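Consider the two complexes below, in which subunit A is the common component and subunit B and subunit C are the respective partners.
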Partner chain A sequence: MSLPVRVGTLLVAFLAVVGGAIFVVIHYLLAGPPTVDFTSQAAPGQPVHIVLQEAPQTTVSDRPDWVSYFIQDPASHQWVHTTLFKVPAGSMIDVTVLGYDGCTPLRNPFWGKISGTVGNVEYVNGKPTQVLNSWGECSVAHTFSIPGIGLNVPIASPTTLAANNNLCGTSPCTSGPHTTVTFSFKAPATPGSYFWQCRIPCGLGFLDGFGGPMQTIGYMTGEMEVAG
Partner chain B sequence: MAAETQAATPAAKAGGPNHGLRIFLIWIVLALAADLVLWFVLGPHIPPGRLGSAAQGQQFDNNVMIAMSAPVLVLVLVYFTYAIVVWRRRPGDDADGPPLHGHSRIQALWITVTSVMVLSLAAFGTYELIVPYGAGGGEGPSPIWNPPGAELTAAAQQRPWAPGHVLVVQVIGQQWRFTYRYPGLGGFETTELVLPVNTMIQFDVTSIDVIHSFWAYQLGVKADANPGVDNVAYTKTQHLGRVTVRCAELCGLWHGAMFNYGKVVTVPQFQAWASSTSVALADVTKLLPPYSTTYDPTEIAHLGPVLQKLGLTGAGGGYYPPQDPSQP
Partner chain C sequence: MAIETEPGTTQHPGGGQPAGGAARRPWWMRPAIHTGLIGAVIGYAFGHWLGNLIASGYQQVGTSDQNDTAIVLGYLFMVIGWLAGLGVFNDLFKQMAGRRLAEAENGNGPGGLAQYFRFHLDHKVVGIQYLVGMIIYFCTAGLLAMGIRTELLSPVHHVFSSATYIEIVGEHGTMMMMLMTSVILGPFGNYLIPIMIGSKRVAYPRLEALSFWLTPAAFMILLSALLLGGFHMGWTGYPTLSIQDTSGADAYAFAFGLMGISMTLAGFNILVTVICYRAPGMRWSRLPMFVWGILGTAVMMALAAPVLSGGMYMLLTDRTVQTAFFTDQLGGSTYLWEDVFWFFGHPEVYILALPGFGIVCELLPVFTRKPLFGYKVAAAGMIGVTLLSFFVWQHHLFDSGINPDMRPLYMLTTEMISIPTGFIFLVGMGTLWKAKIRFTVPMLFCFAFFFNFLIGGISGVFNSDAPADVTEHGSFFVMAHFHYTIMGGLIFAFMGGCYYWLPKMMGIKLNEKLGYWHFWLMFLGFNSTFMPLFAVGWLGQPRRVFEYALRLQTLNDWVSISSYVLGFSILLFVINFVWSTVVTRVRETGNPWESRGLEWQIPSPPPAYNFEHVPVVLSGPYEYGSEGSEPVADLNPPVGVLAAAFSGSETARAEA
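Presenting the complex of A and B:
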């Protein structure tokens, strides 16, 4: 083999390795769900409105059988497959969650207690609620919990057999049986990242339901970035 | 040649300084000074502090080990320094050093001293583990070393608590938060860890999902939180203050954020807090499962009728059995 051929082969191999490394870094390590920014929409002194939905599946992703949250972009009103959002520090946050998923009991019924919201209350289809009994009735699908600020909101589910058997089949959901849960809380005055999570073991296909979407940002856990 | 070397070595000169005595005297002064400084100046600041009896015991143990190891370190440093200064090569000195031979008395002394140190520390460590009721470590579901008044059955733990008695606090690990249940105060569960001062605390640590570890740093308590296991640890609160609680077992995505702060308050403050918290959480307390030293959330006795009514199984409404499916 001549010298130019050997040099060329070496160069190609080198570029292949470098290219592979760059692909891995960009595709796997740096890639992540987008952050929905609510800071630019917030008028001074006015509450920030966040609309979420929980979908029984994620047909827009490569994990179609995973349950997932979606966030509605405040500008375009399009659903974004992400669990990252940014809010202004110290602002009042009004949250609406459209619960399209069916019921699953809480692993610890203690988390049926609403805490950290204004008045420690949530509104399920307009009805003020302070605690949901997921062990006594089909009432809870997931939770929206930010441990760092003591926020815990169980998200109510459709309660009937008919509704649970006819859940929305394409995500993000635009129709189908669902509940509407609203609540308000005050964002921390200290800028920083606050993780949030679901406390229902909803990772279908994983041991005790704890893997998959439960452990993956963009599905059933994410971060609230509080901007100064 | 050997005779020349011997003659050229200062130590070998007749009437030369007694290097061994010199090193010993320098060492004894510096070692004593080091131990005094370490014990009285640094000692009170050695982790984990004195908030709880277990923590104080651990601090004492750390200080004892420091006090015993410091003279060894000082001896090594003194010898090195002495050798560098006194036996350094002088200008024009090209002679070899003296031949080295074994010294049975020094060897025997070294072996004896180090053996005594190690064995005495082993005995000391064992004593320090037994006397303070496990030294703050989890002793498992059947602890060997129990303080007077320890409550080891669920029924006993639910007897109403009174000041001066052992306070049972059940620690429940779950992704990614510890909750605390007070069986002797009505059985309420809360995210707050509040403890009365001058009280023997019995932590009954368990988990309802994966493996966690309850680490109450300033109290000197560390106990694994395993599902299906009641891991008992003791400490006595000695001062008012704040407690940092961290999970010390990698437990999933947000393990690093699994921490909270507790506090040790006066007994009246604790009683007031317990009373108000019990009332505030009454609506959810009645939904909790009956108090038990462990919980199996995959078996919810009264959940069956709800699921049957709905016709839901598995992911549609119930828990997955432990063996199904396996982790990919």
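Presenting the complex of A and C:
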């Protein structure tokens, strides 16, 4: 084989490998759910308003049976299938969660206790609540928990059997039985990524419910990016 | 001894007999890598379809949106299709049908570049295939390491998400730990062992070739985990994390199990070759140290790797057909996994170390021009490490469920293994003592091996101490320790072996100036990368977490920048390798190092079947500087010598 042929073959092989590597990096390693930015919407000294919903399924994805959170874009008011959001450091965060999913009994009653919010309280359909007792009735669907700042908020579910049998069928949900949970907390003053997740094992079909959506960013785990 | 001495007909590795006909087919119809790929694609499609047919109605599949059965069956049939496309089964079916084997069809025809893309039965071709494959695998995993270090440049600003980061860590670790087990045994063991022991072939050429062709399949399957969402439990695959994980864990378990099969095949082949195919006169006391090292490695592979494969496929059945081997609540045991995994996992550490010991012991006498100091001590060290390696695995469980009463026992056995390891150091230092050293590139890598492995070994003693391990477990300290032993030992020895043996294997010498640059950048880059990580670990940074304390950023940045230097040094090696072997191709056909090794007594690269006649070994390979030492072998022994050697009759030998 002549030298030009050897060098040419080598170059083609090199370019093919580099092209393949770039494709994998861009499409798989750097790809991910979008981040909803609340920093540009926030007026100095004013609270940031975040609206989330938990949907019983994710019909907009290739995992239609996975439960998932959605975040409402503050500018367009469209629901975005993501669990990544960015807030200003040290700001007050007002959160509204629309709980469209049915109840799942808490494995550990500790997670029924509200902590880390202003006054350690959440408002379920406007009613102040400090503990959701899911032992007495099946009343909790998921939690919104940020371990790094000690935040734990159980999200109440529709309580009646009829409501639980008629949950919304397409996501993001726009109608159907749901609860409205509101609470406030203070974002940390230290910039960084703060991991958040649901504490209730809701990965149906996985061992103990801990797999699938429970461990996948964009579904029941996410990150709150605190910008300096 | 099952050796072919003076065959009446031409020998053919694997026993295939020449027959015409098949070579007349055009190249694209002959089995090679392209037909293998076609077979793999067809196989995957069929397996995936079958899996969906069987399992899509399972309640568990319906609720999880994840059909692991389809994925695993896809991989299974993909591997079968890959091997069928490569022509692995052709001879088998022909023999079953009573047809003669067509040599050209199974790749034993004329040489040329094409032979390296085929299922070939010549151990030298397999050795080169392994060499190129291992460099590709190592560089891929190395690039993933660059990704890890790039992410760790800042504790606040991120390149990857936390989930992607752990995927990259898992891919890097698994790829290195499963594929680099064969980084020396594959290329150098397969290529050189038969020549070093005076044999024309290996014992099981088909198993040897199969062991290689399983590695690209394992590599691609493991990489495909990234397309399936990766796996998040790291290279150790602990349940229940691995049972809960998304489909990427199927790729992890299947690929690792496949590589276990490859290791088992490779181990048995080397084992039988060394025991049964030594030339007359190649006594155990004359066996080159590299052969001792590879022999020990082969023993560990043959005994430990089947346990790994079994464990991986048990994990797969847990994930697919709902067995419960590793699920405590259902009668299984997560602790069982820890035992199964580490029963392979710790011998694996020595699978990675022993070939390095073998290389440095082989090279030191050549470049010091002295006999190896304490040959029997070195051999005892190799055997000692091999045996003890099966009695230490539970030290990995000091912090994860071991009966506390068992800790002292495994602490003791672990610390005991530093004794045979110390033998190798003793032999190395004794050989260097008062020597006139030639500071060639391979020799520099030997020095670096001893320096790095010493640090890795000493830090390992800390880890083996149960009270200290409680603090260090899961930290960057442990990570720095095993990189010092595995990369600092194995990979440095591999590089030394490349510079030393490539003139033999390819008849081409690597550029020396680039070699020196490669060595110094790699040595400084390596130590600058991993030395600070001991401190980082002691200061509390845990492994596998992409955020860390702000006060550790300076150290982490130093490490990351050093890792780029290390990465650049590897790039320099690849450039040197490609430049020397593809572009300049400066021929080196003689014995450039003036070695007494049997492999250097024949032309480079070696002819087909290595030796024209089976040689008679006359003396050991390390008798440098000894007045009146005999030549290492008679390559053209008189008629009758071999018959006498095998007859066992002293009278016949004397007559000969």
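In this section, the second predicted complex is superposed on the first by the 206 of 228 C-alpha atoms of A that agree within 3 Å, B and C clash if a C-alpha of one lies under 4 Å from a C-alpha of the other, contacts with A are read in each partner's own complex, and residues count from 1 in each chain.
The rule we apply is simple: a residue touches a chain if its C-beta (ideal position, glycine included) is under 8 Å from a C-beta of that chain, and two chains touch if they have at least 3 such contacts.
Bear in mind that the values here come from a model prediction, so they are computed numbers and not experimental data.
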- Does subunit B (first) or subunit C (second) touch A:32, or do both, or does neither? second
- Query: Of the partners subunit B and subunit C, which touch A:211 in the superposed model: first, second, both, neither?
  - Reply: both
- Mind working out whether A:3 is in touch with subunit B, subunit C, both or neither, as first, second, both or neither? second
- In the overlay, answer first, second, both or neither for which of subunit B and subunit C A:113 touches. first
- Task: Give one of first, second, both or neither to describe whether A:195 is in contact with subunit B, with subunit C, with both, or with none.
- Result: both
- Considering only the touch criterion stated at the top, classify A:63 as touching first (subunit B), second (subunit C), both, or neither. second
- Task: Applying the touch criterion given at the start, work out whether A:23 contacts subunit B, subunit C, both or neither, answering first, second, both or neither.
- Result: neither
- Message: After overlaying the two complexes on chain A, where does the subunit B footprint on subunit A coincide with the subunit C footprint?
- Response: 195, 204-208, 210-211, 214-217
- Message: Using the touch definition from the top, list the residues of subunit C that touch subunit A in their complex.
- Response: 59-66, 113, 143, 147, 155-156, 158-164, 167-168, 226-227, 229, 232, 240, 243-246, 327, 329, 547, 578, 582-583
- How about subunit B: which of its residues touch subunit A in the complex? 172, 174-177, 179, 189, 191, 208-210, 252-254, 257, 281, 283-284, 287-289, 297-298, 300, 302-303, 306, 309-312, 314-320, 322, 325-328
- Note on the structure: Contacts from subunit A onto subunit C in the complex sit at residues 1, 3, 6-7, 10, 21, 24, 28-30, 32, 62-66, 84, 191-193, 195, 203-208, 210-212, 214-217, 223
- Touching residues (chain side subunit A, partner subunit B) in the complex: 102-105, 107-110, 112-113, 130-131, 133, 135-138, 147-148, 150, 160-161, 164-165, 195, 197, 199, 201-202, 204-211, 214-217, 221
